[in-house]
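Letters A, B, C, D, E and F name the chains as they come in the text, with residue numbers starting at 1 for each one.
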Amino acid sequence: MFQIPKFISSRDSVEDASIVLAGVPYDCTSSFRAGSRFASREVRNYAYEAIEEFSFYQNVLLDDVPFCDIGDLEIMVGNPAEMVETVMGEVRPYLEMGKRFLAIGGEHLVTLPLFMVHREFYQDFTLLHLDAHADLRDGYAGDTLSHASVMKCCLDNGLEKLIQVGIRSCTRDEHKLRQTDSRIIPTASLDDVSDALEEGEMVYLSVDLDYFDPAFVPGTGTPEAGGASFNDFMRLVKLLDSKKCRIIGADVVELAPEIDRSGISVAFAAKLLRELLICMDKNS
Amino acid sequence: MFQIPKFISSRDSVEDASIVLAGVPYDCTSSFRAGSRFASREVRNYAYEAIEEFSFYQNVLLDDVPFCDIGDLEIMVGNPAEMVETVMGEVRPYLEMGKRFLAIGGEHLVTLPLFMVHREFYQDFTLLHLDAHADLRDGYAGDTLSHASVMKCCLDNGLEKLIQVGIRSCTRDEHKLRQTDSRIIPTASLDDVSDALEEGEMVYLSVDLDYFDPAFVPGTGTPEAGGASFNDFMRLVKLLDSKKCRIIGADVVELAPEIDRSGISVAFAAKLLRELLICMDKNS
Amino acid sequence: MFQIPKFISSRDSVEDASIVLAGVPYDCTSSFRAGSRFASREVRNYAYEAIEEFSFYQNVLLDDVPFCDIGDLEIMVGNPAEMVETVMGEVRPYLEMGKRFLAIGGEHLVTLPLFMVHREFYQDFTLLHLDAHADLRDGYAGDTLSHASVMKCCLDNGLEKLIQVGIRSCTRDEHKLRQTDSRIIPTASLDDVSDALEEGEMVYLSVDLDYFDPAFVPGTGTPEAGGASFNDFMRLVKLLDSKKCRIIGADVVELAPEIDRSGISVAFAAKLLRELLICMDKNS
Amino acid sequence: MFQIPKFISSRDSVEDASIVLAGVPYDCTSSFRAGSRFASREVRNYAYEAIEEFSFYQNVLLDDVPFCDIGDLEIMVGNPAEMVETVMGEVRPYLEMGKRFLAIGGEHLVTLPLFMVHREFYQDFTLLHLDAHADLRDGYAGDTLSHASVMKCCLDNGLEKLIQVGIRSCTRDEHKLRQTDSRIIPTASLDDVSDALEEGEMVYLSVDLDYFDPAFVPGTGTPEAGGASFNDFMRLVKLLDSKKCRIIGADVVELAPEIDRSGISVAFAAKLLRELLICMDKNS
Amino acid sequence: MFQIPKFISSRDSVEDASIVLAGVPYDCTSSFRAGSRFASREVRNYAYEAIEEFSFYQNVLLDDVPFCDIGDLEIMVGNPAEMVETVMGEVRPYLEMGKRFLAIGGEHLVTLPLFMVHREFYQDFTLLHLDAHADLRDGYAGDTLSHASVMKCCLDNGLEKLIQVGIRSCTRDEHKLRQTDSRIIPTASLDDVSDALEEGEMVYLSVDLDYFDPAFVPGTGTPEAGGASFNDFMRLVKLLDSKKCRIIGADVVELAPEIDRSGISVAFAAKLLRELLICMDKNS
Amino acid sequence: MFQIPKFISSRDSVEDASIVLAGVPYDCTSSFRAGSRFASREVRNYAYEAIEEFSFYQNVLLDDVPFCDIGDLEIMVGNPAEMVETVMGEVRPYLEMGKRFLAIGGEHLVTLPLFMVHREFYQDFTLLHLDAHADLRDGYAGDTLSHASVMKCCLDNGLEKLIQVGIRSCTRDEHKLRQTDSRIIPTASLDDVSDALEEGEMVYLSVDLDYFDPAFVPGTGTPEAGGASFNDFMRLVKLLDSKKCRIIGADVVELAPEIDRSGISVAFAAKLLRELLICMDKNS
């Protein structure tokens, strides 16, 4: 009789799962329009009401993917440095158990602790970064730890290969860094991404939903015209599959449900998560 | 002095019309987000305020199309079986008079009685089905008669040829049915549709507005990313025209105006109806 | 300590600028859904919060463009004829000083006085008109001066070359005029526009935001499905650049912020203005 | 089968009615937030869906009140002087037939032609004015004919007795006029109103919906905190009844449906109109 | 780590509770604006975020009230008769265990099965009915089982004493029934309610949220101006307490969260539920 | 020609003013629904469009009040301790110049630095606190500096007399503190407030807008049913006046414009600020 607020098709227990799904409801450095804290809750509710368990795109039933939605991590409001500690502490046990982790943000800064804790377990991996913004600032609004500097923070914490897809907004300094830092691979097409990826490469995938055009995902804090479509994303998923890349972890961030009252942004994210779960299970 | 709430360019009387336009304000099996009951009213209001009578696409003035908007059918809230009876009873006289019928939903279940009553008058015809969802379930939420099973119901009531366009969400069972039932023709491109249609074929056209991408029509109950555009629809209209297909009846369903407060969904539907009316008149 | 409500990167004083940016908050002939009066205010606010000063597209920093946002022109509510006088009177001094003018509407009728005052200073120039609607009526709702007749008014006031891009809605009479009046050049593709433009031509650019698809800019009074994207616009900007066309003046009109509560329309317009400012500076 | 968009319980024909109900969809001098043009349409729709025909307050069935909703007057957008002419011309025939008139605005300026045409038929009558604003300016935004000056215009056109109820916003000049002009009777309580009204007096009642607190009617252009409640209005209605005042005409203005998406403002206005129709019929 | 979606302060297990709280997400006979199906979910979420566990009004900590939120009952969409069966079947076991039941609607029809199943366990009790509408129709929109006829249905199923509070909308027939049926006690003031209640009486309390003024609870399907305030409700609660009435069961219905985007309706309902839980525990 | 975004009737320069008005756009500890950062901007815009300069209530023209709106203080996102420092540093110079300060929040935590900096200049004064919540926690969500603990922080920083008005939500601990700490004076009526205030007392007034009922101010983060009205506030203002209390400083906080799309909350706050400015000037 209980309405269990897990993502559809979730296993009841983590033991039965190889992939762990969790919300990371933190949005405190959001400089402009917050609300991504409520993304995981709304995505679960929407998926329960209106998303099929079957993927028409990958011809797979989500029920056949052994994942478990463990709910939302418990994060204090406020201090970003503390958030980084907390997320690392909460995620580490699952990586120790050999699980893979898929996080629903929250703002983009949550990628930093996720990246850092994966670094403890994987030596070499690529961060595949889908976003409208380069997120390579040295800091933002007086703080080093910010959604606008998250990729810079990852580079500063050991990231060796960063493939950026969809970027169409940055500062002049970020622009220069992208041209000069050999660890960063800017791409302008799917072919570029294909060239940048090696066969069987280990990939951590970070999807900022403003990678997509605001027409498709209006519910995000800093919408940037000229973005990608859902089908663009599926082509990328298929590329990863065909290249036999292994997704060792992933996050989907910056969904702000309140901003889009029509609900199409939440629906988009719920569908994307289904496809991502299936894809993560494929080359595991 | 009276503000007559008919669709723009409607004839005053049914006698002067060969096409009958009507609202079918029923949305009771809508499993998630209802409101399509108000679609016909909002579409008429919007068309009156902001839609041209001239089609830039087909170079035709809607005034030259002899259609009459007869208002909304009177339908009881609740019981779907009764709704099926009522709609058939209300539409039959117009088909007896040799008119063609264009319905504004309401939810997709209204296609069932529309299909059934057309079966009484036309022996062989194709149902051309534009939708994001296959609508081929055996039933939904405990009921056989549902928006999610409407095409299955049509097949069970004599439909011999179902061309599906735009489908990108279904259950595994629906997926299998689409692959095995020879009456169903799945298509993935306009060429597929062209191949599936014979020259001069009689077509009943059913347009679920979630066939279109939610970016274009956010105001629908179960938005599904990755859909078609208005120009895709116009290409289909031109294909029907070039193939000299005769549209013997049509419906446009699942517009839920309240969900999209910006009004672009209603504007989209009003424009689509204008083009559809002109197209129906062409090969008549 | 003062929060100066200028567009980001604006110079403090007009003396330091070659381009003058101003709001023209007039929306009184808006036949259906008003609100474009508030466009300039919202665009400035949004740009301040969330737009980069660097253009990823043109690789230019807006700080390097010498423009000054002089605020909103002071316009009385009501009488369109008075508005035409007022705008001409307020803009003329800047043209006398050799500045170029970029206006943020307001409704499309504001293009009339802008065109007329430019005619006083430039002998031959082309009006490049991006819009969903032809705006070639003889008048609208009983008035000659209307957003729906603004291009006709320009033709009646000396316009010799009108290139129209994106038109997909018009009356039959407008359609005929477009086919018969040799001053009007309808275009259906970027190639058509390229053919219509001469090398080094002087261009006044008028952008009605409903030129874009309502999916991208839902916040406009009369959304028309089937429109352009941001990238289409950037291609046009690059065409103007490659043709060494000189933009002698420009306006961006018909943004109605209230209609789109998600804010993506305002974000779109703010970004477009940044690109337009940079482009105007290029071939100056 | 036609959905007739009349107010509930309306007679089919004017001949059968002693009261004529009509929309006056004009909102062009609205200085700030327009939209009252759509009030009559939304009120009729809402009443049809959700208002009882029986008044619990007056124990009368609206069916027993002989009124006819004749739809909306046809008014050109724009020029206020023309609107005044048009409304007078359209209403005059009904007054000639001995009917009484109840108008649904539109903005408050529509009261001016309604007052003026009643002056042609009734020699002495009181204008009972419910409003948050005094509307006694000499003009507004450069125009004499404005919603903000409508009561001043009535005084200038022969009004001899103006009782104001609910006023809580005015300029210093309006404040002085209220204290010095003997034709104006400011009131601060129901007792004041009672004192100001004579037994059996002829009253034209003008209700600006911002008379009510914005909590009850948020959907109005210039909400003013500290206003009246529905029960306050019913007490006034009962006072008019007990004083045997005859309501020779009335209007309900400044409802802007779009501003209040919850719909409670439209619901409020629909209920108020029912009570007003019943009340108008009582002492006829 | 799991975010358990129970109402704040809920016990983990039913065994530890004397009061059972549950959602009844059914809104299928809602004639106009549906959405009450989502009320229980939104109320729980809101309470979790923003409601204190301490009642300032009753000086009690909700933690000290032994109640358990068991989630939402599982109810099929559609058939009202089936819903009545289902609810009775799901609630009965708790009454057998001696628990009391507090339901969160859903539409008002859910009160019928709740009343009926309580009749199986309690011989004589009063239904205290807070509502704007009498709900005494013989049926509505062709159906006997409807939110608009629910109190009539209760009377037809054995209800002997119905105290109605707040009614301000009904049909003429309902009005007559209220005056002639001796089982019905209409009240117009708190004193009337006090007179109608006996010391120590057993009361089933049904709160339709449109009992309150739409200013306080705009998020309801059929808002009716002129309603009660939160403090009115607390006075009633204190009256029940002072009269030592025992609340044997209760429901709070017709909250439609989507209609009120500001969220004050959900906040109101969450607070009301806290007070009701505390009150139910007092004279138990 | 510049649109200066000052509150209506503001002097151009601080030198000409005895009262300084400023926005304090900080909302980072908002636990639930943020957005008060944009309050000052929206209030200025609204006042410019729709608020009279004349107070009907106090019969004073705001032009006669020598105040200057200096815009928004510049505050970094994030760290509350830094915000406290910044606000104190920015406000101190004005107090040194003998000006009084009226702040527009922002969240309630901004009252802490405002209180603290006033303590540097005034020895004994009363904090008159209008709020729904006691704000007496020891900390909130892991942080001592929070909107929910701001009054406790003031007490910990030297506040000797705290009069609380309107409180209707608190924890059990806060409830006890209110009963036991002799520095806190809880009030339940205007008479209580009158008793608590001495003739000629120096008062710092802090108005949390959730002091008012959510019906009047829905646009606030944690709406609490059962609050005060605008007229209640005006009675308090008059009490302060009649007691010859001197308002040495004030703030109006927790307005979150985005939450209330109808705009009545912003309109309410703009009007309240006008009255407060006039009142502050009276007993200066």
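Keep this in mind: a contact is a pair of C-beta atoms (placed from the backbone, for glycine too) under 8 Å apart; a residue touches a chain by one contact, two chains touch by 3 or more.
The model shown is predicted, which means the values in this text are computed figures rather than measured ones.
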| item | value |
| --- | --- |
| Interface residue overlap between copies subunit D and subunit E, same or different (over half shared) | different |
| Centroid comparison with subunit C (C-alpha atoms), farthest chain | E |
| Between B-D and E-F, the pair joined by more C-beta contacts | E-F |
| Farthest-lying chain, centroid of Cα atoms versus that of subunit B | F |
| Inter-chain centre distance, subunit A versus subunit F - centres from mean C-alpha coordinates, in Å | 41 |
| Separation of mean Cα positions, subunit C and subunit A [Å, integer] | 38 |
| Centre-of-Cα separation between subunit F and subunit C, whole angstrom | 42 |
| Per-residue multi-chain contacts in subunit B, two or more chains | 31, 213, 215, 261-262 |
| Subunit F residues within the subunit E interface of the complex | 31-33, 167-172, 175, 213-215, 218-219, 221-226, 259-262 |
| Contact footprint of subunit D on subunit B as seen in their complex | 1-3, 5, 23, 41, 45, 70-74, 90, 261 |
| Contacting residues of subunit D [partner subunit E, same complex] | 49-50, 52-54, 56-57, 59, 61, 213, 215-216, 229-231, 234, 261-264, 267-268, 271-272 |
